[in-house]
Amino acid sequence: MPQVFSLRRVLLIKLGSLVLLIVVAATLVVMHWQMQYPNAVGAPVRQPIPFSHKHHVGDDGIDCRYCHTSVERGSSAGLPSTQICLSCHSQLFSDANIFNPLFSSMQSNRSVVWTRVHDLPDFVYFDHSIHVAKGVACVECHGRIDQMPLTWRVASLDMQWCLDCHRAPQPHLHAANEIFAMPPPAVSNGEQLSGFYHLRSRQRLTDCSTCHR
Amino acid sequence: MNISLDRRQFIKLIAATGAIAQTACSRPPPETILPYVHMPERMLPGAPEYYATAFVQHGYAIGVLIESNMGRPIKIEGNPHHPASRGATNTFAQASILQLWDPDRSRSVRRDGIVSTWSEWLSAISSISVEAQKNRGAGLRILTGNITSPTLLAQLQQLKIQFPNLHWHTYEPLHNDNASAGATLAFGKPLDVIYRIERANVIVTLDADFLSHGPAATIYAREFAARRRPDHAAGMNRVYALECSPGLLGTVADHRIPLSPAELERAAWQLAELIEGNTINDAPNWLQQIALDLNRHRGESLIIAGPRLPPSLHALAHSLNERLNNSQHTIQYIAPVVPPQNASLQELVSAMSDGGVDTLFILNNNAVYQAPAALEFSAALKHVRCSIHAGFYVDETARQCQWHVPLAHTYEQWSDARAYDGTATIVQPLIAPLYGGTSPHEILNRLLGNESRSAYDTVRAYWRSLRSENFDAFWQSVLQRGVIADSAFPSQTVVARPVEKSRALNDASLTAIFAADPAVDDGEYSNNGWLQELPRPLSAMTWDNAALMSVATARRYNVNNGDIVELQHNGRRLQTPVWIVPGHADRAITLPLGYGRWAAGNSGNGVGFNAYALRPVDSSWFIDGIQLRKLGTRYSFALTQTQTDSADRKPVLHATLTELRAQPEFVRIDTEKNSGAGSLYPEYSYDNYKWGMTIDLSACIGCNACTIACQAENNIPVVGKNEVARGRHMHWIRVDHYFEGSKEDESAQKNPTVLYQPVPCMHCERAPCEEVCPVGATMHDSEGLNVQVYNRCVGTRFCSNNCPYKVRRFNFLQYADRERESLKAQRNPEVTVRQRGVMEKCTYCLQRITRGRIEAEKRGTPLRDGEIVTACQAVCPTQAIAFGNLNDGDSAVARAQHSSRNYTLLEELNTKPRTTYLAKISNPNASISAQLSKPEPRDA
Amino acid sequence: MLEQLTTHARDAEQKNKRWSYASISDHIADIVLRKNFGWRWWLLLGISSAGTLIFFGAIAYLFSVGVGIWGIDIPVAWGFAIGNFVWWIGIGHAGTFISAVLLLLRQRWRTSINRFAEAMTLFAASIAGLFPILHLGRPWFFYWLLPYPDVMNVWPQWRSPLVWDFFAISTYITVSLLFWYVGLIPDLATLRDRAHGTRAQIIYGLFALGWRGDAIHWARFEQAYLLLAGLATPLVVSVHSIVSLDFAIGNTPGYHSTIFPPYFVAGALFSGFAMVLTLAIPLRHYFHLEQFITPVHLNNAAKVLLATGAIVTYGYASEIFMAFYSDDPYERYVAINRATGPYAPVYWTMLCCNVALPQLLWFKRVRHSIATLFAISLVINIGMWLERMMIVITSLHRDFLPSAWGMFWPTRWDWIIFFGSVALFVFLFLMFIRLLPAISIFEMRQLGHAAESSQ
Amino acid sequence: MNSRYGLLAEFRRPDELMNAARALHAAGYRRVHAYTPYPVEELAQALGYRGNRISVFAFIGGVVGGIGGYFLQWYAAVVDYPINYGGRPLHSWPAFIPVTFELTILGAALFTVIGMLVLNDLPRLHHPLFSVKEFDLASRNRFFLCVENNDPLFDNEGTLTALEQCKPCAVCQVPL
């Protein structure tokens, strides 16, 4: 009987199975990509007004709390109302037409529609105030915002990332007066600080009920 | 929405189709943020704020604090300063928030059923006003319900002055006419009665369920329950409940005597004789004992006659209280809070049918549905030239009227209202009217001709006229406090004149008793899913009413649960299914009102049967000589609890006061055989906070307020009748009821002991549910909470199988409404809205604990006892629920768990629950046999 | 009993003696290689594939609407899905038992039935493996039961019997597959060499992996096969023991019992062998395999039924005994409730099917009447299905607190998905007998050789 | 240089093949392979096959599976994310046994099969023998013996005569 599998056939078969492998791998990659955030880490997000933290924080040295008013008291840091923006920009650069959305918002009494940069799932309950109160500086999650001409995300914001800090917060703590500094001096005395802030046990900080309800 | 959701959908797609490659197309769209244009003062995004206002039911106010989150009112709490609340509320107040957001509410002015415009309406009413100015209100009539609002009353007063010919009619289906008539009989003038339940050692009620009905029910429940605790300084009270139709009070009374109305009347008169000291030979033993007991406690006893009873019996009750020297001690009299009505509905109907009514204003009243069918109101309405209905819904009346004007909800408008004792409260809006809508004040203003005067100005103007000096300070304080100080009516000293004996009720083979429905009241709440799905006491029935009758009556007519019968009374017929309630009086059937509506809304239409169809023209409460015919067809109910026999498993431990005294540790007897069972597992230490809950079964009156408060707080979805019938209701805390006594025991069937037991999650330290979850979606946190992580749950339901208390609830389908915007806006943003396919359960209100903990951490001092209050605990009228930190030795809950009455449910399973119970203690009269024998009526 | 079996095996071989290697190979191989397969096969295939389509349709609906389409509720949160799962996995036990345990016990008569018994195992186990996923509230997250490093940093909860299940079932399916496939390799080679069309040659050739029948290969092959048998034997026992722990670990009265593992394993073999008969009898008749699957085989299978049936009966008895002996009110109530409660008919039918009727098998005449055997095997299949439902549902529907008692009524979707799974099983089996030798050819040759040399 | 794989002798009965195999092996041939439709006892040994390396594979597989499985559970439950599930100890070893057991079996089984294939150097779809016309009977009812070209003792005539002495029903060349 003749060979069922000539060497050519064997080769073809090998190539075929290789292709199959590649397809599977590709599918997995696509799936992974599917589950990604709308805006990637490090990618500037398009906004109705090209707001520059670099300018406001870095150059002008405006305190975070001037705009993000409720960061110390509320769960959400709060986005500045049109009013707050205009408190300066009714005078400064008020003729620049990049501010049109601002003025039209004030006239129409409709909000400026910003695009989210940091978006957590609805079943995660993050509270800015407690993090700030416990010495977690802005820079720890938001990075060098003072160097961002447009705002982007520096953290993956996935559960693993949260846990990394909740499991060992010490290196991320800062003195109470340096929380809003950009950048705050590097910390050496994390242990001391965690004592100072009365941080709860690792167990408490990694309880599911700490973030999920 | 959020990433994970899209991920879920994505993977779902894979699972469903398996076509992986094709589905890879687009990522979730980016979310947006909309900051304020003008940031409100002192507003903290995401933090709840509380505003004091009032929940108004049948005109009476219950002071409430409404939790508002980002401007959205989402939860009702009681106002501790308000005399009718003292921090608690009833089921209706809790559900009223859903009514506010009800997507079925009226959204537009309608003329002849067609959508019209506000401007058209305004021109219409101004022309009416002009007309009225001319003929001084001739042919102009107004129909309302009870009104206690001082401002509105003032406006009506004004109207009468401007338009002398105007007539004002009031109609309340659940009227209190007999009581005021009785007061008039006894005192010569109508008076309201205020009971000082907490002062009474012996209470005898005549068909009076003061725990569930009346504007003071919530506060009476609290006072009542205070004296049900054996450790109360003044000792336990003793309650004899003579009742025609089973109510909450009867089920928690020490002695419950079911009597048909006629029997009850006879017993009342006999009691009077006995109290006088006369001897009656045919008086049953229990009646004589009651008389003795009453005489033994002169000045500290109380006789209460229910609103259904004829005036003569009310008068009798007054004179007996007088005789027993109770008035001013346990009972007080005040001027009527609802001013005596001007004219009745009957007069209106006759006037209408005579064509004597040109213009009729129906303010927030649904007479077309609620008026007795016999009165044929809607037929008469056709003779009215111009009929105007103002209400929340395009209801039955709205459809019959020429004009319909949407009213803003109580929480959307300025007004005021008085509580049962006259205390006034300013009703302030929490949110701008969702669907537009005006207020009765504005309508009357327009009628009075002062066109554009807002409700706000009207209310302010009225109070300014009373408190002119530094009014704004006063205004601020009353808005903050929710109560207008010393606005309560003063108690009057009056002497009841004795009444001569008369028979108002005659014995009948079968008497029908009309009753307010525990869930939908008089029908106002028919469209409220939370209430419709709330199990009715004693039957656990949802989404239905039925003709309630005793076992004996059912046997007599050879009917069973679910048999459809036809009731007939002079010519009017009504078909209704039967439900047997053990302990119902024989020769009587109870017909709950408020069902069988045809224009209530999506939820309420066609639910149950309409008992108004049988109600006599004078809206009286009893009709005798009713005929019952079995039709042979069947009807199926949706129950949340199908088994009422505890099968000798003693879930509810109980004893009498004397037994307790004899053996304080009696709860151990049942549990010692298994208590202290050893364990191989290590003890986890909970050294920071250690949350626990204790439920006092002596205090629980089975009112279900906890269930609905929990539903409101935790975004618990409504599933509908079919799902409930399949055993899929979602309540996180359920109130079990058991009828003590076996099925065979005849007397137990006739009048069983009823035991209530609220069952939330037990938060077991050795939780069986956690051990079996394959993905670890439920686990213990370091404060001992049994946590359920919805976003981790894959829905194996193993945890529920392994939960001996069956307190876990599963989203078998997508129950949470994802479409209707208003329902989304109603939800508590602090609680995850559960997706289809995940398990959920009581969390001890984790969101409240977390908020409290964060605040405490920020201020740097530990949480104090009582700082965290769960939703069920807050609402409980009897304060039966204690919650707190077990590590704090003198926290309320820790003290409760050291009580000798403290026991854990199914202790033998060694699950170490954090939720425990205090055994139920009753205080029966030893000289009355446990099973009461009731008198056979002479002429039966 | 073993001696008995071997003697039977021997006279089986007596019959086989007349067969030469060539005719053995040809007869069995030609079943597969022949062009036309007859209208009966096509008819069955049509029906079963229609059923299969409905099955997958139902699953699509299930995934898009939710498990609420079933009759499950609280308290009965598990219904048909879990019952079917246990039933199928039980059926999936006979195959490996036959191939592995009987191989170790040197039961030669196994040879002619092990191949299709293994196929049966494979299909049943795979279908069984489907149900735990179908029954999830959010099936698209089933992979969370797997330990894998993820951004959530969370792991499966190892104390849960469902995780044990996950590993047990997947291991079982894998090992059965390996076992079955390894056994197939030489026969695939035979098919490769006997096939006419090139396509057939290529396909069979691919799976034959280029098997040449090298003596040394054979030696290693036999070692491997023996090892697999040795591994599969404890596996068979472990799998259904673990499945039984899904219940026994729980505290639910009626679940919480130490008798469960042995009782479940016996039950599995009981239903498994019943299914073997249900399949073998039509098979041998339809493809004229009477010479290979002889009355001896059926007879032995029947005896196994008798034995396992006895153990199952003992299981029932001990459950009832323990319920009363333990003096646990809840257990006692469950026992009474099963016999007298709303589900009593299920209970009594089950007892008839699993306890009463199989007793007929004591009689040689019954064991040798093919028709009766077939009937009894069917009855036992039904009985064992009822048993699963009885265990799952009646235990749950009335547990500790009477206030939480409830009922379970299956919906049409429960039935569709159950019968759909049966259709899928039939479909797979039909494809198997069409495409692969239902009897191990090389082992039959070997048997022939052994018989020869035993002269 | 040589375009031949070997010489292939065909036999009707297994015992003939057996004798042939024994004879050639005695004659010192080492690269001799027998091909049979079913495993013939002793044949492999007759051709000098020894040992049982597959069980070594199986053992390694079992150990890897078992230890790996237990470690996985211990690491996940105790080290990586310790969580209090129902008050059970973090290291609840009895609960870890079932998975460990299953993984042991799985590992052993997988290694066994892989070992068998690797040692037999399968899959090998293309093989010179398949070019021989009659060789398809090797999977039916014929028994073959092949002396490969690269056997040190192999020389065409000598080997041929050696095979002839075993009275095969046929002998043929196997081209490469």
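Order of writing sets the labels: A, B, C and D. Residues in every chain begin at 1.
To be clear about the criterion, a residue touches a chain if its C-beta (ideal position, glycine included) is under 8 Å from a C-beta of that chain, and two chains touch if they have at least 3 such contacts.
Everything numeric in this text was worked out from a predicted model, so none of it was measured.
In terms of C-beta pairs in contact, the better-connected of the chain pairs A-B and A-D is A-B.
Computed centre separation for the pair chain A/chain B is 47 angstrom, with centres defined by C-alpha atoms.
In whole angstrom, the spacing between the mean C-alpha positions of chain A and chain D is 57. Between chain A and chain C the centroid-to-centroid distance comes to 53 Å (mean Cα coordinates, whole Å). The distance from the centre of chain C to the centre of chain D, each centre being the mean of the chain's C-alpha atoms, comes to 30 Å. Of all residues in chain C, those that touch two or more other chains are 152-157, 159, 163, 192-193, 205-206, 210. Multi-chain contact residues of chain A, defined as those touching 2 or more other chains: 1, 4-5, 9, 13, 203, 208. The multi-chain contact residues of chain D, meaning those touching 2 or more other chains, are 81, 83, 85-86, 88, 125-126, 130, 136. Taken as a contact graph, the chains are fully connected, with every chain touching every other chain. Within the complex formed with chain C, the residues of chain B that make contact are 8, 11-12, 14-17, 641-649, 651, 723, 726-728, 734, 736-738, 757, 759, 768, 770-776, 792-798, 800-802, 804-806, 808-814, 835-839, 905-906, 909. Against chain A, in their complex, chain B makes its touches with residues 1-5, 7, 10, 14, 20-21, 24, 27-39, 44-47, 688, 779, 781-783, 785, 787, 789-792, 830-833, 843, 846-847, 850, 854, 857-858, 860. Chain A meets chain D in the complex at residues 1-7, 9-10, 13, 203, 206, 208. By the touch criterion stated above, chain A contacts chain C in their complex at residues 1, 4-5, 9, 13, 156, 158-161, 163.
On chain B, the positions that touch chain D within their shared complex are 681-682, 684, 764-771, 773, 776, 779-782, 912.
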